[in-house]
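For reference, the structures are reproduced in the following blocks.
Each of the two complexes below includes chain A, the first together with chain B, the second together with chain C.
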Partner chain A sequence: MKKLSKLFIAVIMGVLAFFTSCQKLDIKPVNQLSDDQIFGNESGINAYLANVYRNLPIEDFRYGPATADGLEPSETGFNPKHSWKHFYHSGAATGEMVGPWGGLSIGGGFGYWPYVDIRAVNYFLETLPNYSANYTGNRVDELLGEAHFLRAFYYFGLAKRYGGIPIVKTVQNYPQQSIEELSVPRNTEEDVWNFIGDELDQAYNMMPETKVSGRANRFTALALKSRAMLYAGTIAKYGSLNFVEGDAHAQGFVGISADKAEGFFAKSIDASKKLEGKFSLYEASADLEQNYVDLFLDGNNKNNPEIIFVKGYNPVLDVQSPHSWDATFSPRYFTGGGDPRSYPTLDFVERFGVLDVTNADGTPRRYNNLSEVGQGREARLKATVFFPGDVFKGRAFDDPSNTGVFDIRRGIYPSFTGKAVDEAYLTAPVSPSDPGTARPMDQRIGNNGQHLQLADDINSKYEGRTIIGVTGIRTGADNMTRTGFYVRKYINYKTPQKQVDLFTSSTPWIEFRYAETLLNRAEADIETGQLDDALVCLRQIRRRAGATEPTLADMTVEFVRNERSKELAFENHYWWDIKRWRVADSWLNNAHFRGLMPYYVLSEAKYIFIKERETFDRNYNFEKKFYYEPIPQGEINKNSNLAPQNPGY
Partner chain B sequence: MKRYSRAVIWGLFIMAAVSSCIKKDNFDGPNASLEGTVMDETNKIAVQTCTGNFSIRLEQIDWSDVPTPQNIPIKIDGTYKNSKLFAGHYRISLFGGAFWPTAPQELDIRQGTRLDFQVTPYLYINDFTAELIDSTTLKLKFSLAAPIEGIPNIIDIQPYVNTTTIVGPGASISQYSESRRLTPKSPATVWEWSTMTPAEKSPEIIIPNMLRGRTFYVRVGARLDDTQKNSNLSPVIEIKVP
Partner chain C sequence: MGYDGGTAFQYLPGYIYPTVDAANGNVTVGTIWDGRLINGAVTRGLVNEDLTWYTSITKNIGVDFNILRNKLEGSIDFFRRDQNGLVAKRLGQIPGTAGISFPDENLNSDRSQGWEINLLHRDRISKFAYSVGGNFSYARMMNRTVVQAPFGNAYDQWRNGQTDRYKNIWWGVDYAGQFTSYDQIYKYEVNSGGGNNNVVPGDYYFEDWNEDGVINGDDYHPIAVYDLPLINFGFNISASYKGIDLNILFAGAAGAYTQYAEQYAEPLMYGRSALTKFLDSWHTVNPDDNVFDPNTQWVQGKYPAMGYNYGNINNSTKAVLDASYVRLKTVELGYTFSPDLLRKVGVKSFRMYVNSYNLLTFTKLEGVDPEHPGQIPTGDFQYGLGGYKYPLNRTFNLGASITF
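Right, the complex of A and B next:
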């Protein structure tokens, strides 16, 4: 018995061991999703595309344009995780605002190189057709069209930074392909813009009109085409006049010949016109100022007719999702946490018209209270920036104990006589690039021998009165305004004060809105001499803004550029605009920007406003090489076909 | 005692076993050097420059087809030196500077390699004088001359005043320097050399309110609208304010 059982066990063991080889080891890895799972049904595709959408080069609230001046690498680029320093805004290096940048620190960019994301799109385009049996109707085509849009968006993010870069349309594989095969050379800048145009045409033809939250449709493709082709047109037109010589320019990797401009402008106009009738400007309220404020807070409203594409922040789905715009652009006095550091300049505000704060003889006008200075201004301006004395609607983030007034005062003059400009300047300023000579603060005596009183502490007093306002202007710190203004665009007045803190704002970012399309069309129109059509567009924009009616004589390049700078302020357009117009090196030629400084004149019990340099008086200088960013040297080391480097680096 | 020696033997054994993990590379250290002077071609003297104005760019082309460029800044006396370079074949060019462009050169850099550059500035600043016209007011006179016609436009002309001999763009006192800048009459934003009047080519700059009892170093520069927007600079003059 004992023997038998031993034998029995041995045989069983032997047989088992023998037959294990018949079991093929083909269990799929359980920690990876297979193509079947992703491409086999719509929910897999949604998950796959969510990642592609998340990485799109959308310059939203969180976008960090360069690692410099205290912005860390982890806070730079698109969608940095857990970043709250939104005041490192591209507008704060270019004179829309002044902010924490020490100067024009964003010129070299941050080495954006999204070929991983482009590969994800290419993989999608190559793999999805294998699963077409799983989808009904032309759903596969619709999805492929969406992928073409996404690919175009990534190339747009590259082209506006580097000019010509390699166009990669297929999935690359290593080590199956050799290094030589994988070292794709640069395409010319013209080829890249044409590729973007073609991709968007394909996207438009294949995609549906249906609106799905957070996803693109055929109109989104048109909106991007309208923008991208305008960029290409102006780069061809102005980049051929103002450029940096170098190998990359000689070989066409940067720069487009001027005769191509017309074609690009025509494509832009064509795309913009296709959106006509599908969208319109947001005109929900008869109160133009309130209407313009609400436009930016109404991004989640499906019935907002102006919105073409938004990026949402959903704290329910992802606790790290909310941004900090409200807390980092409002004075601490109105919030539950956070501090601001970027402030609109007077130079920006005066794009809406010169502020009449001085009399004809040059003496400052006297005001009974602060708020008079902001009265009677264009509704759009008042909805874009807060003036001294403005009252925060709904009592300052909803706190009843808070008076909600932007109490912005820079100091006290015991008495004041004479001209404003003499008090602020030794030699008068002409423009930001020719900024005159500021009078040193210790020589500021109100033209009559009594020193101006300044303070760094909001509780400091002179003759029983607080010297500065509770929302600025301090002498030494930048957590209160440096210019006399605060940003109002996108500030959500409906949030209770206590809830306004870092990582609590979920106002969606409007990436494409119809107003931009109208401005694109008007600009391309004017560049190609179609003034009547431009007038149609700018009339709509200005009527909604509460501005005066434009005339045909107004239809100049300067006018449309100014209109664009006003309408799209703080939306991360301005930096790219002044670059593609090739004016940045003259507009930001050792430029200094100004603020509007409110002072109290004690002897008269009145307020005066003086236009003078912002309190940090920083210098902003644009070097011509910044018209293109340098191709990351690490990438050139990996792929020598990316040489030559862009000129000037 | 025995136990101790055994430990030593074991230790030696481990060291011998692990020694094979150490790779010794056979590249030389950075023992080559390059130095030289950037000379004005006509006058055969070192060019007038300042901190950060321009540099020498090195690209080691025997190492890689697309080498990472490496810059050597030009010192204020027009010389440059880097004594910690890797020996090899380099492409050397001038990077920046308000000169007529020069072609890059290729060169083997070894120990003690010298390379002087001959350049022609866009502008000479001639007859530069600085004098106190009263106890605290400084008057600067000079004239601009272009050795070769067809220079880039001039953006501005400005004095640079500092309390050390290191003076120039980026190293000056703004009340005496930046704020005394001369710019073209609006609406023009640049001067075109061919249309500048003789008076504009020989300007005078007055700097008031110089601090008493200090020594200042003064020079002037004209900034040109080329790629780098660099300046041609005058020699430095020492001014003692009584």
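Right, the complex of A and C next:
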């Protein structure tokens, strides 16, 4: 019996060993997909494209334009998920706002070099046709068109930074190709912009009209073309007048000859016009101010007629996917966490018209209350920035006694006499580039020898009154306004206060909206003398904005640029606009920006507003070489054919 | 023999799905379409389908002997272990425009080699029996192939090259002396930093090894080795005469170096107090004398004046100390009573002994234990001698073992 059982066990063991040896030990990991799984069906394609879309150079809320002034490399560039420091905004380095940038710290960029993503698109273009049997109709062409759009978007992100860069249209491999073969040279800037235009034409011709929020369709290709060709046109026109000499310029790697401008403008206009009738401005409410506020909060609405392309955020699944715009552009008094550090400048606000806060004799006008200063301003301006005295309407505050008033003061004058400009300046400012000499706070003269009351603490009081107000201008910290204004665009008033914190905002970013296309068209029109068509566009823009009707005589380059700066404020356009207009070196030449500082005059029980240097007292200077960023030196080290470096670096 | 290495499944091409963005807080990779998260698939990029285990070849030649009728026995051993195919990445020579980077490959190799001698002599002269033995070993590791970026110049290659070079070389400068007078400082032609403007009597100075008139990183050359000692040895004596037995064990190491750290290296570290040894510092006759005034009188001391930047001497032969030592690890003296005597009192065996562990240490180091002296130059606690550890205890025992 004992022997039998031993035999039995031996047989069982042998059988087991036989079967297990048939099992392959070589088991593939389950979280890996093959080409067949990716390209063989629509959901594989979606997964593949999801990563390509994720990395698109969309300068959204989270975009970090440069590594400087406390912004780490990991918080720089596109899609820096971990970043909440949205106040490192490109507008805050250029005078739209002032903020944490020490000046113009974003000139050198962050070494954007997205060829990994471009390779992913090229691989898609080469591989998908092998699986065409899996798809019906012209689906493969539609997807290929989408890839052309994506590739154009990446090249657009490169071209506007570096000018000419290598155009890589095929999948490169190593070691099948030698390092020498892979060391591709730069294409000329003109070639790159033409390539972008051609890619977008292909995309437009092949893509469907299908509306999927966050996914491009043929109209998205048009919107990008409208923008890109306008960039190319202005670079050709103004870059040939204002440039830095160097080998890269002489060889056409940066700069386009002026005679090409016309052609690019025409392409831009053509693309913009094709969008006419397909989209229109958002005019959901008769209250123009509310309408303009809601436009930016209505990004998830597929029926929002203005939206051409949005980038969405995931509010639930992943704590870091949402952005932090609401928490980092409003004072803590109105939020549940976070702090702001960037504030719109008076210079930006006065693009909408000079604020008449001074009497004819130069003395500050007296106001009975704060909110009077913002009354009667253009609806679009009031929807873009919060003025002193404005009310944060709609938000449910934790503290029921919170009235939501932007109670902003810089200080209290026991009494005040004299002229506003003398109070703020030793020598008066003429323009941002001729900013005068600010008068230090301890040399103020209007206070009649009495102490001008300033404070760092919102609870500090003078004669029973808080000195700076709950959202006012601190003498020390920069987490309350330094200009008298706060950003309103994209601030979601519907979110209850306790839910407003870092990583809680999921308002979509509107990358392309019809208003931009109209402005692109108007600008290209004016550059090419088509003033009637420009007027058609700007009329729509200004009517919706609550601004006065423009006339044909208004159709100047200056006018359309100003209109663009107002309409697209804080949307990360301004930096690129002042670059492609080649005006940055004169506009940001020893530039200082101003704020509108409210003071309470105790003896009169009135408010006065003085236009003063913003309290960071930043100095902005733009070096001409910044019109192009330097090709990343590490890439030149790997590929000497990328030389010459852009001029000035 | 072979060993596993490299990233898991590095040899498989394809896509990771779903996945997270490790560089950005492990956020799920994906995009939002129509308000829904679409998980993204991320390519693995270029993979090396030939990635394999690395191989290790160990060679050993040895002689064991036993001669003079068991009076002398011993062994001599030479060993070498060559590891080939260590996993590394080729350096970034693929232009970025290709959008790929080198995968892991079996590229590097290294070697450990050394030798070992054991000798034991045993004999008996009438009732006196003794044995004397010793062992001595030497081992060193070197890199054989290391993928490195091309060197900019010959100096760079000499300074940073790893290929066919010993591991754990300690680079530094040679200590040359201590300034004793202002006059000496004025006439000193080598710039020790800042044009010697802050140098005062008592400060250390260094050899201008490359003779360029400046003391800086260019003067670095191999001055020592770090990590474990190159040479370990031991020495054992045992003897017995009638009931008395004696056992002595020495152990030691050579070719080991260390550098004092923190409070032991400099006074007032971290703004805290100082060890009393630093009382023997250079100082001015009057505490409030101007140290830069050439007429100031100084009192000599062993250490530089307070305020000296001890960071200057890091990685110099002043700070890097020879940590060789010989230690009397064990000494034990015992007496065993004769069994005949014991039988009468009903005891089977009775031995009394006295011993001490860690009784004596011969080393140039002060205040720290040479077996783990602490600091190594990279501050990396993973090295054998690194880290803070308590010194070994010295113990004495007096005892007896009795069997009934």
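The definition used in the following text is that the second predicted complex is superposed on the first by the 606 of 649 C-alpha atoms of A that agree within 3 Å, B and C clash if a C-alpha of one lies under 4 Å from a C-alpha of the other, contacts with A are read in each partner's own complex, and residues count from 1 in each chain.
Keep in mind that, in the parts below, a residue touches a chain if its C-beta (ideal position, glycine included) is under 8 Å from a C-beta of that chain, and two chains touch if they have at least 3 such contacts.
Treat the numbers as computed from the prediction; the structure is a model and nothing was measured.
*Asks:* Superposed on chain A, are chain B and chain C clashing or fitting side by side?
*Replies:* With chain A as the common anchor, chain B and chain C collide in the superposed model.
*Asks:* Does the superposition put A:Lys494 against chain B (first), chain C (second), both, or neither?
*Replies:* neither
*Asks:* Does chain B (first) or chain C (second) touch A:Lys278, or do both, or does neither?
*Replies:* In the superposition, A:Lys278 touches no partner, neither chain B nor chain C.
*Asks:* In the overlaid three-chain picture, which partner chain does A:Val116 touch, first (chain B) or second (chain C), both, or neither?
*Replies:* second
*Asks:* Going by the contact rule set out at the top, does A:Arg465 touch chain B (first), chain C (second), both, or neither?
*Replies:* Touch status of A:Arg465: no partner.
*Asks:* Tell me which of chain B and chain C touches more residues of chain A.
*Replies:* C
*Asks:* Quick check for you: in the superposed arrangement, does A:Lys169 touch first (chain B), second (chain C), both or neither?
*Replies:* Neither partner.
*Asks:* Taking the superposition as given, does A:Glu635 touch the first partner, chain B, the second, chain C, both, or neither?
*Replies:* The answer is second: A:Glu635 touches chain C but not chain B.
*Asks:* Answer with first, second, both or neither: which of chain B and chain C does A:Asn589 touch in the superposed model?
*Replies:* In the superposed model, A:Asn589 contacts chain B only, not chain C.
*Asks:* Out of 131-139, 185-193, 293-301 or 329-337, where does chain C collide with chain B after the chain A superposition?
*Replies:* That would be 131-139, the one stretch with clashes.
*Asks:* Which chain A residues contact chain B in one complex and chain C in the other?
*Replies:* 642
*Asks:* Where on chain A does chain B make contact in their complex?
*Replies:* Of all residues in chain A, those touching chain B are 244-245, 426-427, 430, 433-434, 436-437, 440, 585-586, 589-590, 623-625, 633, 636-637, 640, 642-643, 645, 647-648.
*Asks:* Which positions of chain A touch chain C when the two form their complex?
*Replies:* 28-29, 31-35, 37-38, 44, 46-51, 53-54, 74, 79-82, 113, 115-120, 123, 166, 168, 172-174, 177, 179, 182-184, 212-215, 300, 302, 311-314, 317-318, 320-321, 508, 632, 634-635, 638-639, 642
*Asks:* Could you list, by residue number, the parts of chain C that touch chain A in their complex?
*Replies:* Touching chain A from chain C are residues 8-9, 12-19, 21, 23-25, 27-35, 37-46, 92-100, 102.
*Asks:* In their complex, what parts of chain B are in touch with chain A?
*Replies:* 64-66, 68-69, 155, 175, 178-179, 183, 186, 189, 227-229
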